[in-house]
Each structure stands twice: as C-alpha cells, then as structure tokens.
C-alpha cells in the first residue's frame, strides 16, 4: 500500500504535533480540521499527541470546542477520541524561552521511547524567527527528529526572502523545514505530474513547437471584504501570483525529473523558475476593482483600512517567458484577481492550430487542454471532430474527464481530501515533495520583485474594473498581442458550464 | 452552406437515377431507403426521377410497395411524394441491348433541357460488364453527365480485379465510376480525417516513435445463417478484410493529402496501401467457427451449402507492416470474424508506454485512442491520471466523447445518416472522396492475394473457435508476439461498456 | 551491378536512336557528345544505330565532322567505332509524312529481330506536334517499343502547356514520353534524394520546426550576348525558374516516396508543386541588367533584337510558400538571374537558430546546409564550434564534403558524367525518374502563370541592376522581410571560395 | 574580451599560488609548465607569486631547474621573468602545522593590500586531509579568498568518496574546492557543449528516437611499464572509467542547462549521472593484457609489482543505460584499455538507420558523428551520398572538420592549450565549470562501485587479450548484442586515418 509510512521511526517513537498559534484562525480553520480528517481516516499514528500552544488563557473545554468548530466528517466517537489526544499549553509569548522550556518538559514526559516532533507555525510572520529561536534553543527533541512547518508569507520581495531564508538556515536545516503552499496539496495540481509523465500522448507535444500559449488563471468572486487594510500592504502579486501561481506554472512547465523524489522534483521546479526573466512593465496589466456596475458591491477603495490613494493591484495579468529550449517563444499568461465574475483556478494549455488547414471555411479552433483545479475538478481536451450528419462540417467538442462524474459516488459529489490533510500527512511521513524549497522561493521572488518595485516607485495606476466583471480589457489586449486566440465554449458532454 | 451542390449542372438539368436490379435485396434494403431519406431531408433535386430496371414482372403497386418496405423516417406525405417520382421499367435481361434502348427512349422524353443520369448497379458481379456494355452502347445521356455506381465484389484476387478494372475502363472513365465501399460512408470513418488533421495534438504523435500498434477490429455476433453456400466461395478475407478494413486502415495511416479533394485523398490512400507488402503465413491466423459451447448455435460446417471439408476462414487476424518512414516498425493488427461475442467495428491506436516510468509499482498502461465505428459511435482516449485521494496511486481512465451523449437529442438517441445516404448524395454531387479508385483496389488485392492463394494451395486448416467466443487464442498469441499489450477496461465516464 | 539494363528487351532487339534536328546546335553540343560518352563507357548496347534526321543537305563526312565537334574523352578508335554507327537521313521538312515513311523503311531493314526506337526531338517547339504526328503515323516501330524525348520549352504558360500536353497525349502515352529538364541529370541534384533519405540525421530536422528558409539560387555571369531577341519573348521566369528551379525545389521539399520508382518519385514532386499557391506581386522582385558599372559590358536593352522598352526580366527573386504540414511558414526563396557576379547553382537550407542562446555575445549564426550543384560540386554544413584556445568563444565553420577532393583523382579534378549522358542512358533503360511528367509541368506552370500575366498586363518595371553585380538590393530586402539572415563566409576547410 | 577576469578582486590583491608537493612529478610535468604557459600568454596577473612547498631540501637553483624542465614555448626572457616569481619553502611534513604557519608568515608579508591564495595540492591522496587541516588551521588568507585545487583519486569507491567528501566539507566550502579531472580541460571536451547547444541541427536528433548508441572510447598503446604495482590496486575502472569517461559521458548526454554558469552545468551533469543505474555483471567485459603476439611486449602479469594471480582489469567495456525520457533504450558503450593498438580518445554518436530504406542493395550504413578528443582533434559526420557517376550507387563519406586543417597554421600543426593551462586559469578566475562537484563524484562512484565489489568478491577472471590488439572479442560481442553496427571506414577527405 502506497500509504505506508516511509519513515520507520514514525512507528517506534512518540509523535507530537505542536501547533504554535493554536488559538488563531488558521489553526482553527485549516490545521485542526485536517488533523481530525487524518485521524478519521486512520492516518495519524496511534501514539500521536497534539499540543496547542498560544498566548490565550483557555480552559480545556473552551480550547477543544474552539478547535473542533470546523471539523468535517467522522462521528461523535471519532471526535471524542481525537480530542482526547489534544492538549493545550499556554505560553507567555512566542519569544519567551521559558515557555518553550516548559513545553519541552511536558513533551519529554510522554517520550519514554524517544519522540518525534512537528512544530506547526500557525503564527504571524513577524514572530517566525523569534519563535524558531526558542524552539531551537529549548524545545527540540533529542530522541527523534524535529520538523518545522511554516506558512506563507515568506518575505515581501527577493531581499527579504533571502534574509528570512538565512535566518531560518541558522536555526534549522533545509531538510527540517516544510514551507506550505497549500495549492501544491490540491488534487489537480498533484495530478499535473501524472498527466504529463504517465501518458505518452502529451510529452511529445508539450513544447514550443506545438503549444501556442499556457494560461494559469485564478479568479475570486469577492473583494477584500473588510480586510483591505491587511491586503493593501501586499497586493495580489504577493498574495497569489508569486507563490500559488508560480508554483503551479513550474509544475506545468518543468522538465521531467530524475525521479519523483522530493529533491528531484524541486530541482526541476527551481530550474524552471530560474529560466524565467523578471516581468517587465510592457508585459503586465495591473488592475484594481471599483464598485460593481449595479452599485451593489463596493470598490476596493471603499474598504475600510484601504488608503484613498492606494494603487495596490487586486488584479494582475502578466506574460512570462521561459528561456529554455522547450519553451522559447511560447508565452505563459498568468492571471489572477479578486472581485471577478466567478471562482476558478484553471490551467489552460492552448495548442497551435494545425499547420495546414485542409478544411473549408474559417480557421480551425486550436486544441486546448484544460485542467480545472477548482471548483469541480476536471480535465478536458477541446478538439475538433466531424459534425455528425451529411455535411463535412466540423464541430468543436470536449474529450472530457470530469472528476465528480468519473470518480464520484453517483450522487454527483466527490470527496477529495483537503489540501492541508495531504500536506500534514506528508510532513509526518517526511515527504518534501509538496513543500517549497528555499531556492524555489528565491527564484519566484526574482521574477516578480523588479516589477513590484517598479510599480511602487513609478506609482503605476492600476486600471479600474467593475466588481464582478470578467477581467479588464487591457488584459485581453495584452494576451491578443501575443497571439492568444479565445476559443469558443464547447458543446459539453455533461452540461456543466465550461 | 456546405451542402450546396458542387455541380451546378445538377440544378439545370433533369436528374435520373436508374437502379439496375431494382427488385433485388440490396436495392430494397439499402438503395431505396437511402434515396427516400435524402428526399425527406430535401437533398434530392426536385427534378429527380428514379427508374427501377429489372427482369421481374411487377405491377406499379407491387413495385412501390416492395421498394418502400425498409423506409425510415418521413411521413405519409413524404412517402407519397417520393413514390410519385419512382417508375419501373422491365427489361428482358441485363445484357439485352434492346431493353436498354427502350429505357433510353423513356428517359430521353423527360430530358428536354438536358439530362444527367446515375446508373446504380444493384446487380450481381457476373452481369456488371455485360450490363455496362449495354448502358454504354444504348443508354448514355448525350445531354448531360453519366455516372455509374458499382457495388463490391470487385474481383476475387489481384488478377481478376485488374481484369475487371480493364473491362470497366473500356466502357467508362475512372471519373464516371463510383465504387461503393459503404464503410467509407460511416460517420466515424469520415471523422478520421477530421480527428487527424483538424487537431494539432494528434499529428505529432501519429507515428512509429509514439504508436506501439494499431488495431482495426471487426466483429459480428452471428454466423452465415444459411447463406454459407454463398460465403464459402469468398471467405472473410475477401468479404470484409480486403475491402472495408483495408479502406479504414488506409485512412488511419495515410499521409496528409494536398487537399481534401477526392483525387488527393485517394492518391494518399493508394500510396499507403502500396507501402504494405503482402501478408505472409507467419503473420496471419485464420479461424472457422464451430458450434457454440452450449451447443445452441451451429458451427460453420453445419450450414447448408458449406462443404464438409471446407477450410474457408470465417475469422482472420493478420499483422500488416507499413514500409514508410512514418510507420516502419509499428504493426497494424487487422482482425475480423463472424460468430463472435459481439457486434463491433473499432479502431484502436495503442501508444507506447512513456519512455521512463517515474511512478511506483507496475508498468503504466499505454494510452489508447479508440474510435468506435459501430455500434454507439464514440471517440475516447484511455489515459492515466492521479487517483483522487491521499495516495500517489494512478488510475486508468477515459477522456470520452460519446456521440449519443454529446450530439444526442437528450433521450440517448442520435440520428446519424445511413452510410448509403451519404454515398448516394455524393454521387449526385460528383464527389468521389468516399469511393474506391481503381488503383486502391489493386493495391488492396496485392496485399491479400498471395496469402489467399497460399491458404488455398497449401490447404491451411483454420483454427476452430466456438460460436460466440471472443476470438481464437492463436490470434492473441500472434499479437503478443508483436508486443501487443491488452489494456484494462477503463473506469467509464458514462457507464457504457467499453 | 546497378547499371544492368532494367529492360530485357533492350538486349534482344535492335536499338535505333533517331535524332530529329541532327544538324542543329543542341544535337551538336549535347546529344551527340552524350551518346559518344556513353559509347566510350560501353553503355550503349552493341546493336545501337544512331540516325540523324534534318533538312540540311549534308555529305556523310560533313555530317560526321559536325556531330563530333564537341566530343570529349575517348580515343581515335572509340571515335571511329562510334561514327561507324551513325547515319544521316535528309527529310524535306519536319511535317512531311513521306520523309518519315522513308526513314521508317530504312530503319525497318535493320530490325530483323525486332527493333526499339528512341526519337530524340532536337527541334524547335513550333514543329514538336507536326513532327510527332508524322512519327506516329509513319515511323513507329511495330516490333518493339517507341520512346520520344522532348526538350523544353513546354509551353509558355499554363494554358499553352495544357494544350501541348493534350496534343502529345493524342500521339503518345505518357509512358512513351521523356521530357528533359537537364538539371535533373546533374550529379548533385540526383544526390538530393540520397542525402535526404539515406541519412537519419537530416529527415527529423527537414521541416518548418527547424528550417528557417530554403534558398534555390541560380546565377549566370553573362548576359544574353546577342541572343536577346530570342530571350526577350520568354524572360528568366520561363527560361530557368519555372522548369529547372521548381524541379530542384520539388526534390528538396517533397515527401518521401513509396519507392524510388519513377512514378512514385514523380507523384511526390507533383504533389509538392501542387501545394504551392501562385506567386503574388508582393512576393517577387524582378530585375533587368543595365550596363556594368565600369561601362565595359552592355545592358540588356543594348542587345540587338531587344526592344528599347522591353520589361522582360533577366532576374527574379520570389518567395514561395508550401502549404503542407511539413513546410507551412518556411519561405522558399527562388532566385535566378543573368549578368550577375558569378556562375553558381546552389541549394541552401538555412536552419533556425537554437531556441535558447546559452552563449555570450551576439546571436549565434544559424546552421546552413549547402548543396552546390555547380561549379565545383560540394555539400557542406556551416556550423558553430568552440574556437580553439583559452576563451569560450565560438567559431563558425564548415563540415565539408567537396567532391573534387573526396572523389577526385588526386590532381584536383573529378570526371562527373554530363547530365545528358545520364538522361539518355535512362531513356534507353526506360527509367522515367529524371524526366518531367505532364502533371508536374502543369503544376509548375500554375505557380508562375498568374504572376507572368500580371507582370505583363500591369507592365511592371523591373529594377535595373548593373551587369556583374551580386543581386538587386530589393531582392535582399524581400528576403530579409521574411526573416532571412545572411550568414558569414565560413573559415574554409580547403580554401576554396564559398 | 571574453578572457577578462570575472573576479575583480583578482586585480586588486596579491595572488599567491602555493604548490604543495612542488618537488613531485605532477607538479614538474603539469602544474609548473601550465603556469609558465599562462605567464607567456600574459594571463597570470602581474602580482602573482608562486610558492612551492615540499619536504625536499632544495637550493633555489635546483628547484628552479627542476620545475622548468618541461616548459614549452616562451623565450629566455619569459623564463627568467617567470622564475623570478617562483619561490620555494621547505616543510617538515604535510601535516606539520608549524611548517604551514611559517609559510603563512612568508605569504602575509607580500599581501599588504590583501591577498588571494590558491593551494594546489600536488600531493598523494593519503595526505590530502591532513594537509588540508594544516592549511585550514594555519595558512588561510584572511584578507582575500582561498581556493584549493585537488587532483584525483577521490576515493576508491562510493563509501570512501563520501567519507573524503565529508572530510573536505569540514575544512572548505564546496565553492572553495576545485577538483581536477583534466579531461574536462581538453579542447574537444569543451567543444561538446558548443556542438550540442549552438547548432540547431543536432539537438532535435540527440535522443533515443534517432541515436542507436553512443560510444565513449579510450585507448592507450602501452601497458603499465613498470608501474604495475601502483596500478594494480586501482585498475582501469577506477583509473579512467569512473572519472574521465563518465565525465565525458555526462557532457554528451545531459539536458540543456539553464545557463552555462558552473552550477547550472554541474547540476545537469550530476542529474544525468544519477539517472544511470549501477553496471551489472551482464553488461560488462573486463580484460587484462597478456604478452604481445610476437612476444616482444610483456603481459600485465609480467610487470614487477603485479601479483601473479592479479585479476585487476586493464580493459573494460561496459553498457550503461540512461533512464530518462531522452535516452531510454539507447545503450552507452564505455570502453577503455591499456596496451591496445593505438592511442585514442573518441566519442562516437551512432545514429539509427533511416526508417525505410529506399535504396537498392544492402542495409544503409548508419550516420555517425565522431568527436575525436585526441590525437588530432577532429569532428566529422559519416554520411551517405550518391556515388558520383552514372549508377545510382551510394557512397559512405565524411563531412569533416579536422582541427589541424581548419584552424591550423598552415604547416599542419595547431597549438592548442594544454588542459592544465585552461584549468588553472579558471581557478584564478573562480570559474568552477570544468571542475567536478562533490555530488557528481558520488553519482559516478554509485555507477561503478557495485560492479567493482562484485568483480572483486566473485573473483571474476578478466579475458586475456594480446598486448597491442584492437580489443577483446568479448567486448565486440557485448556491443553487438545491443544492436551495435560497425561502420566501415569512410573515404576520407584528407587522407588521415579514421
């Protein structure tokens, strides 16, 4: 069974998962529900204990009721069992060595046969390093391994990312660190490598000779919703583009790795990102949403906490160039935005038109391979067939693999594990594959940092688009200038919208 | 509209379709129903008259009732209107010049503004030439074009095919002749060129580097059913293999034509067939069905009219080699048989496995592109994706385009035109694309003639397989010896059997 | 031995070669010297007789001295022997049936065991048909085969070519006709198919993905030299472009044939030519030479017989597009001219630059494969290597196969057979490979006829270039507009000029 | 100018090259002559001093006369100038800290503006680490950079290599270490990346679809010549195969790097080596030379110091498999041996035969691209052309780029820098490109270590081949079993032996 722990130590020693920031939102909404699901699936070793650590003064009941708020699945029994393995330790602050020393003593008691520890840092970036220093100084297991899970943001530009990386490197080895980009845990993102490397039909056409362009698209149908103050200091490029979308792009475009082992895959991703030169001003459109056309939804500047003269982009569409022999000349369009017309994360591989159109009438539609990451996971290939009947007309249709239908339970639903479930499971098993390595991070920042600085220094005004619209026209124009061809919606196999 | 007549003359002059052998089975089951459907669809020019010619003594009523027996679609009005354009002329025999002279006078009366004539030879091959001579001598229109539609068989081996070809050539130009192979009129066969040449994704992998083998499969679930006497003199290789299956193979494997014009496409088909050397004894398995396992169905030798020591094959599986730079080394498996487990005509393109298996566990399944010609027309691509869930396991699934679903009316049915409809329409429009040219015919005979003679001269005993079985094991062995890999049935998108 | 006659009849029956127009220039300079060389090489069957036929009144001595004027090689013995097989027959005119009847009687006498006849039409096109009619009516061998060799011009545009073709078709089968384009007999032109199809390294890069452009170049260093009157009615496009250069282009660009048999190769050549749309005015530069810069050489208009206002091109550079899946997007530059700076016929395949330049400094030079047809036959590949020494600099050099060196006798010379020798030998052996088929001819005319008519009807003025110059700048500009990159002269392996 | 120092510090500070083992053979024959040549070429910074360090008691004169024994080029002036920059320091031993402390004081005196130091370890591997510790502890420059040059052997198997690597890692960073494999400094080895990545014609065919096999060949025409005692403990696999030949193989087969920067190239080389599984006993032939056929040359066992029952291989031919998508199925033959018939180091890329042989007669010869590293550096492509003349026969010839001719001075000679010159220059410039990284080393050892152990543990007897023979037949058989086809010697362009 491919789920067996790769790490034999895991079974012999006590495992403790320490959630720093246990009383926060991230822990409540993501970390604990994922741990609970793993428990329900029987994927947490039986000798696992989960210690929450935070500054709040919480009773045991308060704590357990708080962390179980977002649990999904399981029954009462599961819940009871799980919570019986959860404990709470109050600390004075995230940089208080004594608190960590105390935590260590508590943990050590359980670890008579040795203990492995996972430190899950569900805390603000401002205390990453201070907290890490305390862990390093006072709370490391000497009788097993120690692993540290960190969440983004990892810096705000190349310089700060390098600085953060160096600080971490003084505390932990790269091998101990697990940087989460939860998009890597998503089903269809993980599917990318299978689609590419387990199918002979795709690899031969996966290059500049046959692919006209690649689109990585992220759309959210809501704005900042009152959290504009926080968002304003980062903007969409730091929030989504530099991490999630460049990670996905690297999986789409990278060379085949020597093996699927973590370091081999991460070598290739880093190599791919390093082949992309920084984005230039000519190759980007930035936007900011205004009020919706009907006035029912506020614009970004209307959000409390957003300065009136903010030029922070809530939308970006950039053209990336991959300077290697596979991709030279094939543009990669990376698009992301808030307050658009739908929720969608999609990868679209648009092929070139056949070299020589033998068919009467207008240009043929290009083939397009679409991998929809969310919602309604799907893979489909848009292609041209003969239109049934007595004419020689062609029809543009979909070869379809919709997940809910193919793998579903029959009622149209499909239970896919949450990204966090997968990621935490991998931490327990010591698999780095879905975590971001330091050099990938730097390579991704190197792509966006110059344009971030230019936008800020030159005070480039974003184009304003209405809340709920499809995308700024300027973005379409940019893509068309690179030969992009919008393809028609296909006659669908199953009636769901494309 | 792509259905507009390509031949402007068609609209100006009277059109007469003369069905020779109008009282026979072929005319009743195929020719007249197709003509009726074209009438219902409004695709027969309004000044079309249909003259049946045969030796039977039939009243007008008898005749009309006979030819309308297999009509489909349309309403009473359509039927009445159509039959009002149908006439019957009795001849003394198919080689009686006087009868044809009389027919000519009758036709000439209608053709005051000039007339075009289609002679549809629904008659036995033994009278093809005699009848053609009469038509040529006495019945050709001088005021419009003349076209002659012929049905198989076109000879019984290369020598007789060449002789027949020469006889025809003395009577009609190649351009006047329309040799029907009704498989070319089938929807999915016509779709082959669209799939190949209107989609950039397929052409780059459509060659020996990426395709492991191609399978052309024809299965019938019934035996000779009392007509064994007729069948015994031909056998499955002449009946199905040499014509239908080699025609389909040539469309699958040919090079891109200069254009889709008839002669360009037929040039490429002929070129492809000429690159195939004759089949050798090592590369073929022939079979003959015995009684079914449960004894409920008779064996071939039980059929009346079949000699007790007949070695006529009712099944054949051969490996064909295409000696050109696209296909060298890729075997083409052509399989056909009667009295098998199902009714199916299918083209399967089996790709190679990815060069380097990065995935754990056993060998990956190869991709397979399947074009199902009948029943339930479909195109699907069998491929490997990640199995949803927390493991890294892969799953072998279908990217599916099932015609009834995609193009259907919602009730699961899909009205596709009958092959004959399409073919007759093309004759009226002067389009030779779906008809077999003389040199194609010879090239196809050149492939099978030596093995036909060897089987007969060496009295090769066919392997006996039970009525209703899947196929003789010897055929599987032959394929496996050429590297064939049976692929598992895919988890289906829509639940229909693969 | 691959030189053995393919045609066994050849050895059994008498062979007579009848040279119509035996007293003319072509016969003297090309036909007879080639026949003599074949005799010296022992490649004429021993029972061959050569009958000259013309209107001149010539003594036997006059005749033999005339036809032997341009003999090369052999010794006195060879010459004596050869001339003893040569005879002269005077005719009244090329359309006088009686004269041909007389010729027939003379020939028939020799042919006791049957006789094969080759009619070599070294006569003006104006009498092709009249003469052919006489041959057909009065002079065909009934006891062996008859073959007819024709020299260009084959019409002056598509219409006249079709008309000529039809006239010939009434007299002779396509199989009896041998249309000479003597460029097909040149060593390096014949080498094209070997280079392409006997070497695995070239075919995979021989397409639009890797080839930036193809150049077919023909340059003559002299003008019309007093024959301008004749030239003015045709011009360079009819004289060189439509025949020689398009023939060469078709060999460079065609698909692999089923076999190297004549009809297979000619099928592919015709197919290729048919994929080329007519040249447009935007895609051509026409020129006419003026006096040389130093005034020592006259301009075209100075030639006697050239009208003062002639706009006949003596130079043309056109861009051809090949609409098929191999070549879509790769321009073919066809350039030819008189009174240029050198004598040269060359094919240059310019590859694309590597997709991703890893090397410092300016753009890399593209690879170029050069096939020099004349003079100094050679094949070389211009490529980039490391410049020897301590830097990482690159150097652009030649991988060279110069014929005189590789195959030479050591004194720097190489005896290659004249094109005519090869072609006449092939006629005796019934090999059509190096002769132009009727449909090729029409396809080639279809490419140039519209532009010929446009140039004439719109009175397009050619650009004037000085006698002895390299080429009109406008031609360079046209090529550059299609992405052409001039490559530097390579450091040569053997010191000869590139 | 591409030779400008990449390291600006180089010009500002004093540079000292410390040659440890200055009195040894390596220093005398390689290190000092290379330094002298760099001096003559003006490529040593003017403020460079060279300090020899060894245990011998040498006068200044003795020392200078010793190190200048093998100088080439330059004049008396050059020599005098160079020697004036050379100094000698005697140490007690290579692990005597005091000696290194003294050396440091001497060096420090010169380095008023700061100093950079290169430690060139021309000493036995047994004292690498001890010596390195002394350098680290007592002799590092604090005012500039320190670089350490090490020569092979780097361990004797994977385990010892890893151990050595760890020891070095404790003393120096990977960036400070320069591991010499002097084959990487050879002109044609450096040329490999230019040939592959600066020419569009090669990359598309550089893979398993088109390349039948790759041969890396190393031959020496002499035996151990009295040094058998030393050689016997290593054998040809450790001596030549694991280092030189695998390094060359990695350059031939690796993927294109992101850039030509050292780490990018070394990433790709390491990646390639890691895709090669360990050699198995089935895939190797080992040999040992016996006396020459004429008895004039002794066998390996005759060498003093070689045990009578030694099974140490002096020859090996192994088949390597590269498990990635470029090379799966293409065997790499690595062959090396002593006491063979010639001196040669060659890379041969044998292409597949064209898929479909259109030419009469026997199989076509495959194309072969040959890169001859030594002697007489050359690149040539063996290919098939038409044999000039009247037949259609083909000829197998060379497209040739012989260095002495192309780049020579006219007298047939070509001055190429010695590998050491290039390598030492690169150390001064801080360029790691031509040096072996730690992970490459381990990857190479991982390929050969299991087979080394198997040969030793199973006491596999090498096949005996006569001194001066071409190669053991068993090696030819092994290659043929993998489809190898010996190609005939080509008609040579320039007469030199192939």
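For the reader, a short list of remarks on this structure follows.
Each chain gets a letter, A, B, C and D, in the order it is written, and its residues are counted from 1.
Methods note: a residue touches a chain if its C-beta (ideal position, glycine included) is under 8 Å from a C-beta of that chain, and two chains touch if they have at least 3 such contacts.
Just so it is clear, the structure is predicted and the values come from calculations on it, not from any experiment.
The chains touching chain B as well as chain C are A, D.
Where the sister copies chain A and chain B meet, the same residue numbers recur on both sides for over half of the interface positions. As a whole-number value, the distance joining the C-alpha centres of chain B and chain D reads 65 Å.
The distance from the centre of chain C to the centre of chain D, each centre being the mean of the chain's C-alpha atoms, comes to 52 Å.
Across the assembly, chain C contributes 203, 209, 256, 324-325, 354-356 as residues in contact with two or more other chains. Every residue of chain B that touches chain D in the complex is listed here, in rising order: 208-209, 323-326, 328-329, 354-356. Against chain B, in their complex, chain A makes its touches with residues 1-3, 41, 43, 187, 190-191, 193-195, 197-201, 203-205, 209-210, 256-257, 259-260, 351-354, 356-361, 364, 366-367, 369, 377, 379-381, 383-395, 397-403, 405-407, 414, 416-417, 421-422, 425, 491, 493-494.
Contacts from chain D toward chain A in the complex involve residues 203, 255-256, 258, 267, 271, 274-275, 324-325.
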